[in-house]
Amino acid sequence: MILAGNSLYRNIYGFFVGLLPDGLSWLGLVITGLILAFVFVNALMIFVAGVVYLERRVLGRFQSRLGPNRVGPFGALQPIADLLKMVFKEDVVPAAADKLVFAAAPIVMVVPALAMMAVIPYGKNTFVTDLNVGILFAIAITSVSSLGIFMAGWGSANRFATLGAMRGVAMLVSYEVPMLLSLVGVLLLGGTLSLVGVVDAQRIPFILLQPLGFLVFLIAATAEMNRAPFDIVEADSEIVAGYHTEYSGVKWGVFQLAEYGAMIVSAAVLVTVFLSGWQNPFVPQGWPQVLPSQLWFLLKVGLVLFLLIWVRATIPRLRIDQIMGFAWKILFPLALLNLVVTAVEVQLVPNPNTWQLWVLVAINLAVAVGAVVGFGAAFGRRRTNPTASVTLVSLQAEVVR
Amino acid sequence: MTNLQQHPEPPAELEAEPVVVNLGPQHPSTHGVFRLRVIMDGETIQDVEPIFGYLHRGTEKLAEERSYTQVVTLTDRLDYTAAMSNNLAYVLAVEKLAGIEVPERGMYLRVIAAELQRIAAHLIFVGFSLDELGAFHTPLLYGFRERERILDLFEMLCGARITVSYMRPGGVHQDAPVDFWPALDRFLADMPHYLDELQGLIAENEIVVARTKGLAVLLAAKAINCSMSGPVLRASGVAWDLRKQDPYDVYGRMQFDIPVGANGDTYDRLLVRLYEARQSLRIVAQARKEIPGGPVRTQAPFFIRPPVGEAYGHVEAPKGELGFYLVSQGGISPYRCKIRSPSFINLTALKEMLVGYKVADLVVIFGSIDVNMGEVDR
Amino acid sequence: MTYGAGIAKGLMVTMRNLFRKPTTVQYPEERLPQHPRFRGEDFVWYEERCTGCASCAKYCPLGIIKIVTSPSGTQTQEGEKYRLEVFDIDIARCMFCGLCVEACPYDALHMGSGFERGRYARNDLTIHIDELKSAPKRPSTWFRPQLEAKGYDPFSGETVPWQGVSRASKNDPTKEEMDSRWVERQ
Amino acid sequence: MTRQLAPQEVARFLSGAAPGSVASWGSAGVVVHRESLLPVCKALKDSADYATDFLVAITSVDYVEYFEVVYHLLSLRHNHALVLKVRANGRESPSVPSVTSLWQGADLQEREVWDLMGVAFEGHPNMKRILTWEGFPGHPLRKDHLGG
């Protein structure tokens, strides 16, 4: 039953069952579920506000600016000010828009991010539900957002929006494949599809055993959340704002919520699957812990988010055909290679002891480095020095050529 | 990423209807109020029609009813990222027309100001190019941070940062203040590191290389036939720089090299400007070392009355050859003042450069020509 | 050079900048230092020096200086001095090129240093003669080498009396002296 | 240093290359007849001595009695420059031949001259207004343009 091992759920349930008369314990279950849903949905919203603020501050510092610092202490209330502004803004709907699709698109976008909250373990025994197909659920539910992007782009009756939506659908569908394949290696190692179980299966973080898988998943997840350098869906210098060009006010805010929600949730999945989730990476489980497991989880998610912000501050955008080529020509074979290597390893050493584990780590690391370098050499241009294409010509001032 | 560079043709059975998209006049990366009417097949550009004139202020007509000195203030507003170069081109034309001599110190100050302005303009170009490639404003803001120091120097020189109006027929309006020289020395010491950093951020970045290498190649013959000038022409492999080929002021005494591109693609256009900024630093350093004392301005009357005739004065502005063609009928204002603006003429080859590429490349290619709408529309 | 080295180099550059001091200046509280030559909008005009010759109005490329004069009985210097009735500068159209200051033969008009004259209505932007008379006299050193040579800085807060801005090297006579000299000549 | 070719010298060459083309020459440049502009430009561009491969600028001046279209030509190979002029008479519909077939760089500049000065270029592929909008009254750089 879902309650097993879930202290959070059990405590609330126990409280309500004590209050309710016999025979109405199902009601207690319902109330508990609703309360948890309420708590987690709002937690995500608050997190989004916090991440938006932090991203703007950190991006600002990367760019030698300060970022928002006027509203509240250190500008921390800026998301609230933004929210107020969004709420009071006029909600413009284009005359040619498909009104129903236009209005439904933000909701379709935001639901997957919220639904994903249900399966992620935030700490020791802290999760909404331990779905036994958690990873599958996570992958399946994220692909819904591409539908939302397409609805928004199509419903806006704007050519920039349509272009963005076309790009979005093509890219999101393509990156599903390497993303899923990179997770299969983890499934083989962990032997479970449950996200809760995956954390328990990580004696050492899977990033060490699956460096290639981690790399592929990180890149594919970045594409899935439309972040730089894969932000062609809303490429501001090309197609104004992509699929949400025509949106304003609260609807635009919901898109923002969905995007940043998806970013947080994807980072959480990444942490859960590859970075041993809520576990303390330095002190093994069972030993006395100083920091609560929830805080470790938060720290790791923060680290991943910082990496994403750092990349966004540095790297330009790829073109659509390059992005598609990257997915199919590089990420897909890399994920397959990772899968094959992992499968062989699992077949040979089904239950590795500690030193066998470290040997596997070394092998996988070597494979990852070799594969990345090999692919770089195969697909990279014959790199001489790219800056050599410009030569300095010394001319005497009076003479031509 | 050779294999990722290609634009695969869609299969024949996928019939798509061409779509007309108006990029601009209000668009994030059209450098002002520029409009491109693009006919696209999916993401691929089939036809382009540039439409401009939204910023037309009739500078040439305005110049006909102002005195020769007053027109200097109009030239500030042509290419507002390179006001010093515009000033210089105009006063050179007036000096040629009226036969005004310029004292040496004035010439050196003009060279220093114009080269600082070139660095500033190229920093803006590099920043915006990367912005168009999608680097979330970071190189742009780094570029603006360094440009700020150049603008501070301009404020010391002439009290304004953008619309400088620094030069006058016969020199510059005023000698540099005493604290300008130490500030210039500090700037010259710091700037190479900043340029190194900027170059490290972008020049070898694989994504920048993949996005710009081989993109919109402009061959030398085509560039010459289209009257392209400036860094665009040099990126196509033509070593043509008016500072060398037709030296004005004291450029004949300066030691510097001309960066020339090998392929004429967008990457070369980007890099040529980065290298030019370094050469400009060299020129400024030399001019600062060699600058003689003495007056900075010939006492020309405010209302100059040049003899009847005509003159064409030109400089190598950051965008290309900027020329002023002045016709005098003996009055206090030019009878005709034609501005040969590089941005405007460099747009000639825009269509050839764009057709066949993707919409994401459009903004990059357009940006790599480096036009300034204040100068295109005049 | 392996693949990805360029990106890594770029990442290092941004990381270095993360730990640098940001360049932002928090404007209303902090201000960038301005140079004494700054061409700003609170024009400094010395009634005592102005003869009403309207050179400034003639030199202005936009024609935004409006001067109305009438003959006055008193003279302070050689030549005729008019009584200034109107001296309006239409700041709304001014582009701060400083040609009027360059034109002034008597050092009566100087650029100011401010840049914060935002108003809600365009008509409020005109600087009238009364405002020019009563404004604090902190002239910019733009095109005033005599002020620059003295090391004057308009941002130090000190004002310059009308005798102090002359480009003449000798000490200027007082207004009374000049008035009396005129009377003597009469 | 870019050498300014003496108009006299250019005129002598042109009288040989395209007889009867030169109308006059002065200190500023060579004035050629309207009809012979294209042969003259072609001769200048193709001759090995002149090789004016770069069209610097096209402009026009309104001298009230006639319009003068001024061509600044440059040779990148020899680094010399010369000025060609053509006169177009009549204020109603003055026109000169287009040189876009020789230099593509003339494309936008000829459109600009047409837009601002009202001198049409025969043979230009796309003779439309460029800086002002279609339907703009008059041509603003003409001396008799009063604005509107």
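Should a chain be cited, it is by its letter among A, B, C and D, assigned in written order, with residues numbered from 1 in that chain.
Everything below uses one rule, namely that a contact is a pair of C-beta atoms (placed from the backbone, for glycine too) under 8 Å apart; a residue touches a chain by one contact, two chains touch by 3 or more.
Fair warning: this is a prediction, and the values are worked out from it, not measured in the lab.
*Asks:* Is the C-beta contact count larger for A-B or for B-C?
*Replies:* Between the chain pairs A-B and B-C, A-B carries more contacts.
*Asks:* For which chain is the distance between its Cα centroid and the global protein Cα centroid smallest?
*Replies:* Taking the mean of C-alpha atoms per chain, the most central one is B.
*Asks:* Distance between subunit C and subunit D based on Cα centroids, please, to the nearest Å.
*Replies:* Averaging C-alpha atoms per chain gives centres 46 Å apart.
*Asks:* In whole angstrom, how far does the Cα centroid of subunit B sit from the Cα centroid of subunit C?
*Replies:* Whole-Å distance between the two chain centres: 31.
*Asks:* Provide the C-alpha centroid distance between subunit B and subunit D, rounded to the nearest whole angstrom.
*Replies:* 25
*Asks:* At least two partner chains per residue is the criterion; list those residues in subunit D.
*Replies:* Those would be 1, 76, 79.
*Asks:* Tell me, which residues of subunit C touch at least two other chains?
*Replies:* In subunit C, 1, 3-4, 6-7, 10, 13-14, 17, 23 touch at least two other chains.
*Asks:* Where does subunit A touch two or more other chains at once, residue-wise?
*Replies:* Subunit A, residues with two or more chain partners: 62-65, 313-315, 380, 386, 397-398, 400-401.
*Asks:* For the complex, give me every residue of subunit A touching subunit B.
*Replies:* 59, 62-65, 159-160, 163, 166-167, 228-229, 231-232, 235-240, 312-322, 325-326, 329, 379-381, 386-398, 400-401
*Asks:* Any idea which subunit B residues touch subunit A in the complex?
*Replies:* Result: residues 1-8, 19, 21, 27-29, 42-43, 130-138, 141-142, 145, 199, 201, 203-211, 213, 235, 239, 241, 244-245, 247, 251-252, 257-263, 267-268, 271-272, 275, 279, 358-363 of subunit B touch subunit A.
*Asks:* Could you pull out which subunit C residues touch subunit B in their complex?
*Replies:* Subunit C residues touching subunit B: 1, 3-7, 9-10, 12-14, 16-17, 23, 34-39, 59, 61, 95-99, 102-103, 111, 140-143, 145, 148.
*Asks:* Within the complex, which stretch of subunit A touches subunit C?
*Replies:* The touching residues are 58, 60-66, 69, 310-311, 313-315, 372-373, 375-377, 380, 383, 385-386.
*Asks:* Give the list of subunit B residues in touch with subunit C in this complex.
*Replies:* 66, 69-74, 76, 138, 142, 145, 148, 152, 155-160, 163, 165, 173-175, 177, 197, 200-209, 302
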